[in-house]
Amino acid sequence: MKPVAVRNIQRADSNAIGTFAALGVSTVHEALGRSGLMKPYMRPIYPGAQIAGPAVTVLAQPGDNWMIHVAVELCQKGDVLVVGCTADNTDGMFGELLATALVARGVIGLIIDAGCRDVKPLKEMGFPVWSKAISAKGTVKSTLGAVNIPVVCAGVNVEPGDVVVADDDGVVIIPKKLAVETAAKAQQRKDDEDGKRTRLASGELSLDMYKMREGLAKAGLRYVDKPEDV
Amino acid sequence: MKPVAVRNIQRADSNAIGTFAALGVSTVHEALGRSGLMKPYMRPIYPGAQIAGPAVTVLAQPGDNWMIHVAVELCQKGDVLVVGCTADNTDGMFGELLATALVARGVIGLIIDAGCRDVKPLKEMGFPVWSKAISAKGTVKSTLGAVNIPVVCAGVNVEPGDVVVADDDGVVIIPKKLAVETAAKAQQRKDDEDGKRTRLASGELSLDMYKMREGLAKAGLRYVDKPEDV
Amino acid sequence: MKPVAVRNIQRADSNAIGTFAALGVSTVHEALGRSGLMKPYMRPIYPGAQIAGPAVTVLAQPGDNWMIHVAVELCQKGDVLVVGCTADNTDGMFGELLATALVARGVIGLIIDAGCRDVKPLKEMGFPVWSKAISAKGTVKSTLGAVNIPVVCAGVNVEPGDVVVADDDGVVIIPKKLAVETAAKAQQRKDDEDGKRTRLASGELSLDMYKMREGLAKAGLRYVDKPEDV
Amino acid sequence: MKPVAVRNIQRADSNAIGTFAALGVSTVHEALGRSGLMKPYMRPIYPGAQIAGPAVTVLAQPGDNWMIHVAVELCQKGDVLVVGCTADNTDGMFGELLATALVARGVIGLIIDAGCRDVKPLKEMGFPVWSKAISAKGTVKSTLGAVNIPVVCAGVNVEPGDVVVADDDGVVIIPKKLAVETAAKAQQRKDDEDGKRTRLASGELSLDMYKMREGLAKAGLRYVDKPEDV
Amino acid sequence: MKPVAVRNIQRADSNAIGTFAALGVSTVHEALGRSGLMKPYMRPIYPGAQIAGPAVTVLAQPGDNWMIHVAVELCQKGDVLVVGCTADNTDGMFGELLATALVARGVIGLIIDAGCRDVKPLKEMGFPVWSKAISAKGTVKSTLGAVNIPVVCAGVNVEPGDVVVADDDGVVIIPKKLAVETAAKAQQRKDDEDGKRTRLASGELSLDMYKMREGLAKAGLRYVDKPEDV
Amino acid sequence: MKPVAVRNIQRADSNAIGTFAALGVSTVHEALGRSGLMKPYMRPIYPGAQIAGPAVTVLAQPGDNWMIHVAVELCQKGDVLVVGCTADNTDGMFGELLATALVARGVIGLIIDAGCRDVKPLKEMGFPVWSKAISAKGTVKSTLGAVNIPVVCAGVNVEPGDVVVADDDGVVIIPKKLAVETAAKAQQRKDDEDGKRTRLASGELSLDMYKMREGLAKAGLRYVDKPEDV
């Protein structure tokens, strides 16, 4: 890792980002071929937020938030900050003051593979954070990392400018060159699901709707009437 | 494991189920002799729901929700679906569409030893889920499991038709043949606790109410006045 | 460990406690030199509570809440009960009845390195608990522990009378002899942060406010314009 | 759970047990249709042992080994003791003295969903244990459990007399009524694998041996020559 | 926490230490009343070592081994270094070079609530380490901690000069003022166990040796002949 | 993720690989600027192996080893297979038969962010594996992944052809374009350490050797003679 901060990055298509923001994580993750999802330990610090935006990436040392300070001035309106660490860490590397600085730049949320603190003020400010832990543990500013290089965050490789989508179901990353194509697939999927929901609500069985009965029989599923018949 | 789906199961007594629904997990678990409780990693996806109903059981392969689709048509009004897996898994094996199908059958909740997604719509629908994780990870439909055979879910063996009770404290299973007897004990316990609560609220000490002082002295507890006297 | 209960303990300065209650965990933890914080697995059973008070300490055997009953009559108005265990445990060692007894004594909250149950009634009563787990698992009353001796709880050594501060960010312990000095530092820190927040909200960069640019350059941070220049 | 000890149980077929002992866990688990495997946190306290025998089952309270003492006289030569707990626990519920007693009865190993201690003497005695943890934490003898009832151990339901197979790969349980049939399948699988091993060792590809190429192509796998062609 | 290094500490009685070294962790832990045991995640980096010695204590920042360097010259022949951290950490804070320095001072082992690296050379040197993790992750030397103050390590409060006993079963701490008394109890316990082992090996049941049958009957244990009688 | 297998990849410099094989993980990780290390849950299935080689990468679905079969024919003599998964998994996706096939191709080891089985035969064959878990759980061959695309494995992004170094301390990845430069730095570091080891073994203090005393004093470390002076 080289200690470097990249000033200018290419951000993903903004129309695609708008589509992702409306559709949410589960739909987008499916549209991307079931990849790009961060590990499920990444949870929102309060429920209900749903965001999408291009990633500004930070590689931080555990327990050291120096590079987050560096990242602030490299953010633009609508960006999402994504912080990965060089080793597992749950310290509270982010809190109210940094959030205040990010809000002043127009940043709409934070994804951090470490801890977050000041949960109550962050909720009151309406600044959403997805983190690995909640912890008041203070951090130092002593070792360099990097800004806007590719980082692994919660099991996913994130390139600067990739799209981050986050809601109550978790966090998914869409590579920026796949953003437009994935947005179209995700919208299509959403439209399909609307129709299916109506049919299922009326009592139609998914076994019939998806025509699964033949496949189940071929795979060898056997129906019996009573437990004793197993 | 044989790939089989059992159509008809015997469900526990419905009056007992009504009693359990009113009393909640902690009281029922005590009445059952402190057994039958699922591991505490099973958490509700939103707080406040309290349910009781007979179990329709599913044994699923990790990351594969095919058998949940099979289970839907075997459910009746008031049932609770219980899903165990053949290996540890946190994938989002259940979401809004399956919930829509279950609601159409009158199912009142889901217990799944894996992940759940679509948390926000499920909360809006009022369909409660207790799960091991929240994850958007999509699943396949490729390997058979079974429906309505005994399954181990979060450390508890569940037979089809056993009673599931779930609330903010967790999930407990009552074997169907013990349901009536346990419901009576649970109600008795509840009535006892109401009296105790009143006495404690008025300042009576549990040491006196439960007559613990003699036992403590016999076991060797020593009171001293100051830290230096230890 | 000797099975002993200490009747009288020295409690930390009450003015300092008042200051801590107003400032919360993250600020106090920083003022204490970033020490005294319990592990981040200690979470509130419901969000929003913020308390501070002197610790009455309990050393309990796992799955055995006998000593919590012993502790009740040794508590005073404003105290916080702190329970450590001799081995890892998630059983529901505390619930509504014990909370009722503690409220009758004026106790304002519980910190327990084990499980808690009756989450819904505790929330309705407004009795806050920070615990390692939520679990309905019932406990026995069969083996002695101790009350008001030093206990390790979630990684922190707690002496009777030390100050407990707890909120949505976690739990921190302030040794009673450092309480007054730490309260002054914490208040100073709070006042400083108010000024910083205003400056950051107006768009000033923390890089400039904290004069970090020189240190970053000296440590070797290099700015480049484009990813290709890395 | 009723506090009961069952004196006489039906044990699985001894020829089948002999076959399982020779083949080991992975082969047997496959022959059983990939079920019955305990969670992978169950590890041998020393490497190299491989055993098979009928289960004598114990349901114990966490941190309480009273029922293991009860179980000793109900064991026969060749048995394997299987201990489940009513709640998660890592205490050292088993050590050298109990092992000495079991060896005197001819018991050949222990499976315990909790902790084990005296690791060095147990290794010197050659008494193999598969456990969740190694811990010196002492236990009490104060609350009843049961012996020779069905117990859930590390995620698997074990009936008394079922076959336990354990080696460096983990622990698998074969229901006693499936023992003979599964032993035959396992032996067949072993013989098949011997032939496959020879072919693979000579350089034949599994893609060809298992005729996977067509399936891969049908599923959509695309081969490209260089990374740039992806 | 004050950044301080204490030069001279009082070490526990050396005869007691000799006794502990011969008896090992499980016996000593029982003699201490089943307290003082570190959490079971503390494991030896290689099996077979058994040590006892007075603790020189270090409080380190996570990922920072500066204070271990400070501690070296404060160690004497026969000491055991005990390192606690201010937050959870698995970085490799200790390796071959530091071990070489400690061996030159006569230090006989290390207990560290973090990671260790250079496992193979440490094993070849015969320098035993009990750690939370094995990790090559390098560390910095930038933030102060303290040496020879009380530290919490793996859940136990350790005062400088307390006795550390460690073997394959884990790590236990004996407060120095209880060392002599505990050594006597531990030796007595060892002598008792030798007699019991002989009786158990000859086939006597622990139920009879410990006269448990009456207690079991009184507690309500019921013996039945067959599973159907439960 | 596109279901693709890349036939030809560029492998890192073979002289650098030879240097890495001799030096081991901890030294190489430091030389790379303390980055590239996989999470410490990646452990060897038996101790003592030390390898280095270019990565052939596999992205697999959890519990599905189809793509490992695809990867075999794309391996060359000296390669190391690296398997990442699209979701957390501990199933035994690799065993003796696949190892036999890899050995026939000259592959020298496996890194898998999932489970491994057949531990005893693998040890006898001398085929080293670093894995997240040991598990006999069998896998299916039903869903496509990819071969020789970038994969995240245990928290590190691995490009095909990057260097894998693994030993008892863990696993580190060196990007292929940094291999030559890093090998030189690592050798230099090794030579430096040899000199330091000699000095430390002779009793020189690292405080003096690294000239840390001034820095410690400047940071505020205070030495006191007795605990009472703190």
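We call the chains A, B, C, D, E and F, going by the order they appear; numbering starts again at 1 in every chain.
Definition applied: contacts are C-beta pairs under 8 Å (C-beta built on N, C-alpha and C of every residue); 3 or more make two chains touch, one makes a residue touch a chain.
Remember, predicted model here, so these are calculated numbers, not experimental data.
Shared contact partners of chain A and chain C, listed by label, are B, E.
Touching chain C and chain E together: A, D.
Two copies of one chain, chain B and chain D, touch each other, and the residues they use overlap strongly: the shared fraction of interface numbers exceeds half. With centres defined as mean CA coordinates, chain F is found 39 Å away from chain C.
Chain centres here are Cα averages; for chain D and chain E they lie 30 Å apart. Residues of chain D in contact with two or more other chains: 2, 34, 37, 40, 86-88, 90, 135, 137, 143.
Chains touching one another form the pairs A-B, A-C, A-E, A-F, B-C, B-D, B-F, C-D, C-E, D-E, D-F, E-F. Chain C meets chain D in the complex at residues 61-63, 86-91, 135, 137, 140, 142-143. By the touch criterion given at the top, residues 2-9, 46, 66, 69-70, 72-73, 90, 92, 95-98, 100-101, 103-105, 115, 117-120, 133-138, 141, 143-144, 148-149, 160 of chain E touch chain F in their complex. Contact residues on chain E toward chain D in their complex (touch as defined above): 24-26, 29-30, 34, 37, 40, 43, 47-48, 50, 167-170, 172, 193, 196-197, 200-203, 205-207, 210, 212, 215-216, 219-227, 229-230.
Only residues 1-2, 32-37, 39-40, 86-88, 150, 152, 155-157 of chain F touch chain A when the two sit together in their complex.
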